[in-house]
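Heads up, the next two complexes both have chain A, just with different partners, chain B and then chain C.
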Partner chain A sequence: MPKGMFVDTSICIGCKACQVACKEWNDLDGEPDDFAVQPDGRLKAINFTGNSYDNTGRLTATNWRHVRFIERGSSLEGNMAWYMMSDSCKHCTHAGCLDVCPTHALMRTDLGNVIVQQDVCNGCRMCISACPYGVISYNKSTGRVNKCTLCDDRIHNGLETACAKACPTDSIVFGDVDELRSQARQRVSTLRQLGYSKAQIYGDDDVLGGLNVFYLLLDDPEVYGQPANPQLPQRNLIPNSVWSVGSAILVGLAALVSFRTRLNRNEEVEA
Partner chain B sequence: MIMGSNMAECHPVAFRWPMQAKEKGAKIIHVDPRFTRTSAMADIHAPIRAGTDIVFLGALINTIINDDRWNSDPFFREYLVNYSNAATLIDESYQDPEDLDGLFSGFDDENRRYDVNSWAYQREEAASTMPAGEEQSYADAVAAGLPGKPRVDLTLQDPHTVFQIMKRHYARYTPEMVENVCGCPQEKFLDVANTLLENSGRERTSAIVYAVGWTQHTVGVQFIRTAGMLQVILGNAGRPGGGILALRGHATIQGSTDIPTLYHSWSGYLNAADARKSHDTLRDYILTETPPTSYWFNFPKFAVSLLKAWFGDAATPDNDFGYDSLPKISGDHSHLPTFVLMHQGGIKGFLVIGQNPAVGGQNAELQRKAMENLEWMVVRDYFETETAAFWKRPDVDPSTIATEVFFLPGAVPAESTGTFTNTQRLLQQHDKAADPPDDARSDLWFTYHLTRRLKELYADSDNPRDWPIQNLYWDYMNEEENAEWRINDEPSGDLIMREINGYTWADKTLVPGFAALQDDGSTACGCWIYSGVYPEEGKNLAAAREADAWVSPNWGFAWPANRHIMYSRASADPDGRPWSERKRYTYWDEERDTGQVDADGNPIIGSWVNVAGDSIDFPPTKRPDALAQDGGTALDAHSGTSPAIMKPDGKFWLFAPSGAVDGPLPTHYEPWESPVTNPVYGQQRNPVAKFWDVPGNPYHNAEDAEKYPIIVSTYRLTEHYLSGTMSRWLPWLAELMPELFVEMSYELAEEKGINNTDWVTVVTARGEVEGRALVTRRMRPFVIDGRTYHEIGIPWHWGYQGLASGDVTNDISSLVADPNVTIHEGKVFSCDLRPGRRSKSAREIHEDLIAQYQGPGVDVASLICNDSPGEVCNA
Partner chain C sequence: MPGELQIPQWEWWIVLYFFTGGIAAGAYLVASVIELVGEEADRPAARMGYYIAFAMLPIILIALILDLGQPLRFWHMILYRNTFLPWPVWDSPMSVGAYALLVFGLFSTLSFLDVLVETGRLKWSLPRLKYSSTPRLIYAMIGGLAAFFLASYTGVLLATTHLPVWADTPMLGALFLASGASTGVAAVILGLVATGKDLGTSIVKLKRLDIVALLLELVLLVAMLLWLGSSADILLTGISGILLIGGAVLIGLVIPLVLELFPGFQRFRGTTRMLVGSALLILLGGLILRTVVVLGGQGLL
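This part shows the complex of A and B:
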């Protein structure tokens, strides 16, 4: 029975408690690039982005969770909307990272979560380009990659994930994916009845075979910076391989023809 | 309706409840100048210009009482006539701001205060009582002052009824006025009015939530009063799902007003002894403070039991239980005037615990400068805060500052046992989980051992003023509790909780509640409203942890008497029946056998019951049709339809004949600093607001409107804690909101040529603050009477210490305050905004201001002994 999380953005208040709880439980540092030593010798946070209330900006090897802030409309016009979405690894059913990892450092556990085994990872970074969500990041200090583990140590000891535990509004709920999906469907129909016409689930079976961490969105996925129809790069493996093999044959044939010509010429010279 | 609060950002944990309500289909209204994370979760966001809340709320009152539904549904009138003072007649000499262009009758222009006699109730002749004499008991002496009953007109037709006065007072507060004064579109306003009305009545209730967005104004108390009036008009007081929820600023701020760190009140909201009142002896104090009617008639029991808790065996009837030894207040000794005095060199030493005035204080450079005049200062905190480091702040030469600063490391809450009292009056115990590191100690430890050493120091003194230190009861050590810990001299939270609950002095038997307290010295009680938290051995209710799906009476302890909804008599109709099945809460059960017998030995049948297990504050067997007793005192003076047991007349007050020094009815005044001329009255500002015309604290007056044309609000964010003392030192939090920023609309940014993330400087007469521009569609200009006014917002978390550092926002605010409670006006003042960085340091600007000061000069002696300049005596 896979475990996962249902993230209901309609009640996410953007407090970022999930980000902090994630760092606390997983013992992650502040993002090194976000701090700089000032002329007076003090360390200072310098990562003001001006992008709404989002200053951490992205998922990295030390930010396994990231709350996105999306401003739409205008207060003056009376149609202001401010969406918040707590983003992380989706623990996809068809996980691109898993397929490409040459050392099997990336693995899926019995609870369905995808983790990076740090002692097996060789830092080749193929998983980074295989992830359609930009979830996996290279950790310069360890030479390996990091991402959300779905709190592997917690969930294998009967606890919920740290982010779900910290979420004050229960916008992030941890549980059996099947149960969460029916809960989410119910919530979508309630919201539609209340007039949220674009309320939708992101990450049902139609997306990469189903995301174990899936979302209820109030607008289209692109509004939240999520691809509507994400594709795995390796999905192109067979056609690309055919092209590669075909190209190789062509090059080989050309080479043979070329050698043959040279051979003939040599013969002529010798003659 | 959330108004004057950014609940989602500032109270995210409590916001789980509105979110659960929303999931069940509840509508959330947010009325706020900015579109915040709370607005994002609301069904309706009604934007208003900061500081115009009384116009908005007054217009809600006016719109609702003239609405067909309100007038045709008998519920509203029945509730109003029976439970409020709507029918009470006011003195005929009363004149309204409508008559006096913004002033109430009784205004003393010279002293800037009101004589409240014309605001009084009309009364019947007082019943003849025996004259007060020295030999009487407190109860008899107080009863001698029993006034006549208030005169009423239950038809509400008499022009002197509260209802008619209120109706006239708000007649001009219309949706059109809301649009012109608040800048909120009429349709939005009417949407709010209709939503509230649709969700109030027999079957439904609405709640109002506020926080410091209402308190930090020169008319803050009146904002909250208007909301109270609205809830009474809508029938939402004393009923489940109704009421007003005051969100407190941080953990156990509620506790620190209940058992106060305030100068003007003692535990349980007993007024502090005051040299300006008739408080010379204990008897004077008690007779002055005890009203003959309402539950406050029991005041003597609470006061004497508190003195007994303080002085124990040394407190005897012969020495007035130690009352004479206590210092009496002589004026306003709250934060703002204290720092004015410090700035003038009138204060020698300063203990700073759980506060960071160098960042959080208004006109913060004035406050930092003030600390330079101290001989010594002790700061206890987790990190070296800006206050602890004021002597080495930017652009200051430490060698010029003589103040001796002691920095003591504080323990965090998880490192000691104690209780938090949260926003809904709920006491919850937290247990010590670990020893604090190194020399860090709890506040409890520090307070206990400081006092213990003071007692040693003064043990041999024969100076009478040292009596309270020598005789303070101070026996709180239980060595057994410390056995398993490294720190083995931590005082016992358990022993302190027992004293707070109260016990009989002779044998220390815990009392079951405050009803058991006595005024003869036989009981001691540290805080009467908390009495019942530890009602018997082994039963500390603050540690109770049994939740249910509704009121959860067995989770923690809600003061008073574990009462979750106060005045719940109003949840039943005048006959005692639930207003509706859906909203059944406290009601009269005619058949209930109480198991008690009356004076004649007949069984008492019939009692009030509560469906949720909540405790009821109405006398349990007082029939709904009981009449007020002629000559009755305490609650006997109230009828069976008088839910407000703490009010002299037992009614919810629409009109406040006393208590609010700035008027009996909330009235719109512009903020102290506003570029807008008051569109409603000739009176521009709250006429009795507190201000301090002292060096370094200039104000923007009417003639400065062009120079400072922009409206500014200061506020906080989820990511940081107040002045940042618990957040800016932590990388996980610092990186979430790293730098000071200024939120502004696209319209203003374009007008000023500012791009997103540019440096900008906000300027007032007090100072300049630089930050990064955050240009957003969440901010908007307001059109007031055809003219556009811009509003900007600045969070105030940053300072010169910590990982997330920046300018101190409060360098631009001023010392000016509400006249009732001396809370500053941080939520709205005026400013200018310019692109680029600031011109000088805060220190240089402040030095210039002092050099330029041309006011009357400040008499330090008068600051110590008398009311502050501009202060209104509310004695």
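This part shows the complex of A and C:
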């Protein structure tokens, strides 16, 4: 039975407790890009994104969770809306990263979460742009890639994920994916009755075979920076291979025609 | 990059690998075709193809290993770390490519040793028994197939991502194959001229093959840019644009083709200076093409 998380963005208050808990439990360093070394050797925070209350910006090798702040409309026009979304690895059922990893460093555990085996990863970085969500990040200091593990150590010892544990509003709930999905559907219908006409689940079976970490959104996925219809990177394998074979046939024929003895008799006489 | 996609940060080592891998594959292809269907007069060209393919192997290995975040774990590409057994990933061009490179490396080494025996440079008794006559046809067949794969899979590998320039066209593998062939043939011509071989009809044939490869490359490149539409902007603007149009297209494709095909240059054709100049332009163009596609495609130029 796969385990996962249901992230109900409609009750997220943007407190970032999940980010802090993730950093604490997984012992993640500060993001090097977020700090500058001053002449006296002290560090100075320079991670001002200028984007609402977002001071993380994106998922990185040391930020496995990122609370997005999306400001919509305008308070002057009376239609101000402030969406928050605690983003992380979705632990996709059809995971592009896992499929392209040449070393099998990326693997799925018995609980359905996708992890990077740090003793196997050799830092080839093939997985990075295979992820349609930009989740996997290269860690220059270790020469390997990192991402959320769904708190692999915790969940295999009967605990919930650190972020879910820390979430004060239960916006992040950990559990069996099937149960979480029915809980999410109920919540969507409630919200729609309340007038949130665009309330929707992102990550049901229609997205990459189902995301084990899925979301309830109040607007379209693009508003939250998520692709509406993410694809597997392998979609390009066959068309590219067919074109390559075509090119190979042309080059091969040209080489045959150029060097085949019988075809070159006349040329030799001329030469 | 659009949305939240991250780039793999493949930089100069990968450019170097794509370039030298293409040359190795192209040179071996020529050699293997001569081996299989050619005539005795072209054997110096075949030998040069084998020499070049073999000479590229250490560069390829060094580039690929040093690009890794954990270079000492390069063997994880072939053997799974936890069982020490081979475990190819068929959906991953990088995994299949690693095995193909192993096959190519093995057979281009065998072909190289065979040439050493043939030319009397290798005197050991065992290789002399093993590496002659019939086996070399088998090397050429298997190595030639691996060379086709090696020349194109790098483009397919880039396409197995979500980065727009790489993923939005099906032609990258085909383009890299054509470019590998043109640069490989150019390297063979350069090698033959440099070693002062009697060029004879081999050069005519090599040049004819190079013209086809260059024309194919030009057509594929234009088709790819048209196919990409607005996604191609990242390749056509700024430094990428200057390099692509001025370097890859003009220097690497158009000028060599004009020199070969335009009647006005008839009297220079076949001169050593022209052969060397043309080959160098083609090689430079190939390097620039890989640079623009790999670095420019990630927005790193």
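Methods note: the second predicted complex is superposed on the first by the 258 of 271 C-alpha atoms of A that agree within 3 Å, B and C clash if a C-alpha of one lies under 4 Å from a C-alpha of the other, contacts with A are read in each partner's own complex, and residues count from 1 in each chain.
To be clear about the criterion, contacts are C-beta pairs under 8 Å (C-beta built on N, C-alpha and C of every residue); 3 or more make two chains touch, one makes a residue touch a chain.
Values in this document were obtained by computation on a predicted structure and should not be read as measured data.
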item: Which of chain B and chain C A:121 touches, first, second, both or neither; value: second
item: Which superposed partner A:228 touches (first chain B, second chain C, both, neither); value: neither
item: Partner touching more residues of chain A, whether chain B or chain C; value: C
item: Which of chain B and chain C A:129 touches, first, second, both or neither; value: second
item: Partner chain(s) touched by A:16 [first = chain B, second = chain C, both, neither]; value: first
item: Touching partner for A:36 - first (chain B), second (chain C), both, neither; value: neither
item: Doubly contacted residues of chain A, that is, touched by chain B and again by chain C; value: none
item: Interface residues, chain B side, partner chain A - complex; value: 8-9, 12-13, 15-16, 19, 22-23, 25, 34-35, 37-41, 45, 47, 185, 188, 717-719, 731-739, 741, 745, 747, 756-757, 772-781, 803-805
item: Residues of chain C touching chain A in the complex; value: 1, 3-10, 29-30, 33-34, 37-39, 41-42, 67-70, 73-74, 76-77, 80-82, 87, 89, 91-95, 98, 148, 151-153, 155-157, 159-163, 166-167, 170-175, 177-178, 181, 200-201, 204-206, 208-209, 212-213, 216, 220
item: Chain A residues touching chain B - in the complex, by the definition given at the top; value: 11, 13-17, 19-20, 23-24, 29-31, 34-35, 42-50, 52-53, 55-56, 71, 73-76, 78, 80-84, 168-171, 187, 190, 194
item: Touch list for chain A against partner chain C, complex; value: 58-59, 96, 99-105, 117, 119-126, 128-134, 136-140, 142-145, 225, 227, 231, 233-234, 236-237, 239-244, 246-248, 250-252, 254-256, 258-261, 264, 267-268, 271
